[in-house]
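Structures follow.
Presented sequentially are two complexes of chain A, the first with chain B as partner and the second with chain C.
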Partner chain A sequence: MKEEDLIQLRNIFMDEASELFVKIEKNLLAAEQSPDDPTLIAALFRSIHTLKGSSGMIGSKKVTDFIHNLESIFDKIRSGMAPLTPEIIDCTLQCMDHVKVLIVDPELKKDKDQTNDQALTDRINQILSGSAKWATAQPAQTQSAVGRHTYYVYFKPHAHFLKDGSNPLLLIEELTEIGDTLVYAHIDMGQMSDYDPTLCYTSWQVVLSTDEPMSNVQEVFIFTQDEDIKEVKLLSNEDLLANPRFVQRMPKPELGADLTQEKIHDIIKGLEQEVEPVETDSATKVDAISNIRVASTKLDELMNQVSELITSQAALSLYAKNHFDPNLEVIADNMEKIARQLRDTAFDMTLLEIDHLFTRFHRSVRDIATQLDKSVHFVTEGGDTELDKTIIDNLADPLMHLIRNSLDHGIETKSIRAQRGKPEKGTILLKAYYSGAKVYVQIKDDGKGIDVEKIKQKALKNEIIKESDQLTDKELLNLIFVPGFSMAKDVTDLSGRGVGMDVVKKNVLDLRGDISVESVLGEGTTITIGLPLTLSVIDGLQVKVHDTDYIIPLGSVEKCFELKRSSFVNDFNQVVSLDEQQYPYIDLRGEFQISEDNAPVTNSIILVKDHEREVGFCVDEIVGEYQAVLKPVGKYYRDQEFVSGATILGDGKIALVLDTNNLISKKHNNLKLAAS
Partner chain B sequence: MKTVLVVDDSAYMRALIKIALNDAGYNVVGEAEDGAKALELARSLQPDLITLDNILPDMFGIEILQQLTNEGNAARIIMISAVGQDRIINKVKKMGAYGYIVKPFEPELLLSVVDEVCKSTAIA
Partner chain C sequence: MSSLLDSEVKEILDLRSFLTFDLNEQTFAVPVESVVEIQDMTAITKIPNAATHMAGVQNLRGKILPVIDTRVKFGLPPVVDTVDTCIVVIDMEVEEEKVLVGALVDAVEEVISIPATEIQSSKSIEAKFDLEFVSGMFKQDEKFILMLDLNKVFALDDDNKVSVDNIKQA
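For the complex of A and B:
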């Protein structure tokens, strides 16, 4: 086989293996909650089997042998000869970690791996040898309802049934006593004028699930007469009423419900044709992503090219606009539309479900909680929220840090929780959701919360704030993100490794995101990270100050106004009135120290919002919306806080993208300084 | 050129078999990762050969073998499985498989089995 083929094969193998690891881990953790779910166990067995098969082919006998024993355990579990115990789940998780090592380094060059290999092999063998006992101790788990059948019963008493004192309801009641039932009653009366109160117009349809044989069901009607129509038919050899899908699809058992025998059979047939539905949700969700495999470098390339295309298209649009050629303008318009669509499609491809990230944490939380001897219920929500894969990659570390913090400093030990009247098991919720053009990721714990007073003391001690500073609780809380501020009173093995919250904040800011913290002492802490959907292109508002263009991210723009410059620029309070409300404003001319000489008479004020404050940005004029392809700025600008990047305009000029959040914070701090 | 359908739930195994067979002058015309797709492709492509993994997400390879044999599909089926007991191998061969390969295997073994299966009585 050719060298390049071998390399390609190895890559395919690695991709597949890492996908299988994720799948196995995910199913193991799901199985921890529901160890009897046969679909999970089947999926686990299959994944492990596939992993064994392919790793054998890549040439490592050691890996194959190792997985083989693991596979045997799951084969036993699958065939009902053994239960899936927490011990097995735990062991399998560790085995997967070891297999990851084995694949890369089959010789196990490190001593640590050697001992680990031996320990795990012993552990597997122990489980396997113990499994002989299970087979007898725990008989095969057969279906819950042995011999339970489902019947269709139809009963239409003859019209004079009531006259001899018989009560048809007693018969129906008798049916409900021998099993589970769904009862449908029908009244077939015809014209009201023909109504005779002494006659019986009612008939019943009953779906009955019971252990009794059919003869016993028929016996219920033994004392009825030949004129009464009664029918008992076998619908299924299974307990249909135990199947929620069946019950759901049956009409509601109310008077006059539209039900025929055919209809029931159709429903049953429908159920049989369906693939087991349980498998389609959590267990196989991961599969859907593997629809097509594209190297991520290719995606990056595509994104780059799309960015270039947008820049060129902007040049074309500008050229068309200046040349007053209607034909050219139509083409340019079309191009613009297509480029926009292409951009959206390309973005869509680089989006990944955040679930990929969440799955990893399940495992870590489990391990860390065990290590700290804390009991934690880790819940994730919104795993199907999509984010740019670059963002997801860069989010892993800060999120892990925050989760670790919650586990280490947030959630109290079991005994303390019990003392405080909290459930012994703490909860950490990791949640992702969309809001506007942003994705929010939230980590919420029900631990002890952050003591604002302690922060204040510490900040004073570290000379981050002065005694005279008047800070709100919220501002005090935000001090945890200041460099050099570490909350951990006792540095444990887990946190306090020198990476503080300031690094978390920096990581988030680098992704053009923001981070905020809320905490109630004794009740818990919530940390919210807001992130842009994507990193490379933003919708912006192109503005002019003097002869230079700037871009303001459209996502944070609230509203635009026009005002006479003279009406506000000399205002002592540095506020503008917009829509009868007063806002502080940032005059970009003043900010960039451009002389007042050629200032326009009328200024545009753009109301921009960061996560809590609204500030007016005063510019010379608004040019229009612009799709800005973000480029990093050169080293002379790198230390500037007011720009987050640069973009190339249609005419080839460069426009700086303003970091409005930073400008607003700066303004805010200045205002406070002025006030004190 | 003999046409081949490769059935395996592992992308890696499919790629490996495909490369090995294509290099040896066979024409891999289709790949299936599950039983449903395998049946569909076996019917539409009418390949000369099928390499069939036994454990698939939706059914067992043996079931596919049985179904295709019953339908009178002309493809010669080579089972690929990690199970190597003689009893099972013989049973599968009795069910109509032309060849049986135990995983893990060297690509050379695959080729020799495939060649043998093709020769056993010439496929037109």
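For the complex of A and C:
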């Protein structure tokens, strides 16, 4: 095989394998918490098995052998012949790392890897030989396919099956994974008035065609209780499901028919009496492809083209509007609708669940905590929150840094925690959630917090602040983000690992995000990062202030009002009454230092919600909704942080996209300063 | 062959090409290699609360082009929009990143080539302008033309210095 072919194959394999690695790690860590969960073990076995299969592709015997040994271990665990011990979990994690090395460097050129290889092989052998006292395991994957059989599986969980959190669907799903199935769910409930939602009324009848022996089918139910009724019967020595006439005669699954074994036998008999039609339908067995892999560069290209399309479409809409051609307007409206849908679909493709990131941290936290001899409970919430993949990619480093800080300098050692009356196990919570047009990622620890006084002393020493400066605690805390504020260990509780908090802040700002810190001495630190949902296209409200157009992200807009300008603009309290409630407001004319000369009599006030704060934005007029393709305004305007980008309007003019959160925070600080 | 000859001749003479433009009745020159194109002054969107020499942003075929009012940068009153006013689009490298920036000027003159030997240092010029931005000068038709130091004229304003005000805004 040619060298480049091999490299290409390896790349394909790495692509697939990295997904499997993530899955395996995630399941291993979950299994650490609940080592008896059969679904986890089954999932682990499957992943490892798949990994073994695809590792054959790169033709490295070493890799395949290595994984094969792991597979044998998990096969034993799966068949209940060995427990999943922490030692196995730990060993498997390290093996995964080693396999990654093996793939890149099968000859193990580094001595370190060589010794590691030997050590791990020994460990595996030990585990395997330790299992000698376990009942002799069935040799894995030796049941050769003796052709497909069709089974009838009846499963009726006892009424209290759901009480201990068991999910019968997982078992059924497992059945569907070992072969082709027809699944019938039958609900036997009796009187509606006696319905108790905690009970299980459903039973399942499954026609399963598989090449696995009956014992393997029975194994699916190995973890169910004795009270659960399960039957596995052989229907036929052929693959009945591959017979379209059989399938045709079966009742439709969604009808909820009670399909007893007798009924099926009747159907089979009926089939045998019929003359077999000559033609064989070869098209019946086509696996539908539900997922495809796309290179991310192609997605980027798609997003760029969609952006261009939206800009052109805006020009078309404007042209149609200005030329009073009803036909053209209809076409333009249609175009706009399609462009919007296309944008959403394309955009959706570039979104990833933040869980991809969180999973990585589970592993790191575990390793670092062991290293530091600290006991940490690492909790993640909101892993299903979706973010642009570019943002997720660029978020990994700053988040890792923050988590390390929490582990290293936030969470105290076990003995100190005990002295302070805290639970021995520290907690780090990593949480993601939506609010308005933003996603927030929060890292919260219950460690010792940051000593504001120490920060002040250090800042004075470094001449970042002067003795005469009056800074609130929050402002002092924010000093940790200032470049040049040394993070030396003796001074603050934050890391001294070369990359400072200023880099973290810069990374976040580069993503058009913001970062804030809260800390209570002795109780813990919370760092919150706010991020835009996307870097490319947003739905916005187009407004006018003086002669300039602005876009306010629609996601954060709550309501719009109209008010006479004279009624509020000189109000001393800086609040407006809207819907009988008082809200602080930001007058954009005042904010942007535009003269009052040509201010309109009636103003629009847009109520914007950001992170639990509601603030009115006062603009000259509202133009309408606009899909804004965000473009950076560039470094020359980086001090104008309230402008998060610019967009090109239908007529070629530029509108500025406002970062309302930034304006609100600034306003908030100013008010606070004025009050103090 | 001819092109080879040209470059040989050029090498001997070491000719430099410049684009010249006017600002407040003084002619300035920038190396043609840095000039991307010349644009009419159309709809410029001003960004509020920015430095006064930052004239705003312009739509350059779908890209956002920051525009600098060169007159204000030199301590002169702002550019008045006339038929001659234009934007010289300049290719810059700022903080290791290539960026385009537009320079508002009163009028664009021509492209000229002069031998490197005729360029003098700027030390001896009488200071009608802030000479901080001038890297040299040469004489053409009895007129002095000032060469601009682009890296200085279009440098990012250095307000990365940490001050308490900055922190309070954070």
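Worth a mention:
Here is the rule we go by: the second predicted complex is superposed on the first by the 362 of 676 C-alpha atoms of A that agree within 3 Å, B and C clash if a C-alpha of one lies under 4 Å from a C-alpha of the other, contacts with A are read in each partner's own complex, and residues count from 1 in each chain.
The criterion applied here is as follows: a residue touches a chain if its C-beta (ideal position, glycine included) is under 8 Å from a C-beta of that chain, and two chains touch if they have at least 3 such contacts.
Note that this is a predicted model, so its numbers are computed, not measured.
Contacts of A:R420 after superposition: neither chain B nor chain C is touched.
In the superposition on chain A, A:V482 contacts chain C only, with no contact to chain B. In the overlay built on the shared chain, the residue A:Q593 is in contact with chain C alone; chain B does not reach it.
Within the superposed three-chain arrangement, the count of touched residues of chain A is higher for C, of the candidates chain B and chain C.
Of the two partner chains, neither chain B nor chain C is touched by A:K269. In the superposition on chain A, A:K110 makes contact with neither chain B nor chain C.
By the touch criterion stated above, A:H49 is placed in contact with chain B alone, chain C being left untouched. Of the two partner chains, chain C is the only one that A:Y636 touches; chain B does not reach it. Looking at chain A, you'll find no residue that touches chain B in one structure and chain C in the other. Taken together, the chain B residues at the contact with chain A in this complex read 9-13, 15-16, 19-20, 23, 53, 55, 57-58, 82, 103-105, 107.
Note for the complex: chain A touches chain C at residues 308, 311, 464-466, 469, 471, 475, 478-479, 481-484, 548-549, 591-594, 631-640, 642-643, 646, 648, 652-656, 666, 669, 673. Touching chain B in their complex are the following residues of chain A: 1-2, 5, 8-9, 12-13, 15-17, 46, 49-50, 52-54, 56-58, 61, 64, 275, 290, 293.
In the complex of the two chains, the chain C residues touching chain A come out as 43, 45-50, 54, 57-59, 62-64, 66, 68, 94-95, 97, 99, 101, 156-157, 159-160, 162, 164, 167-170.
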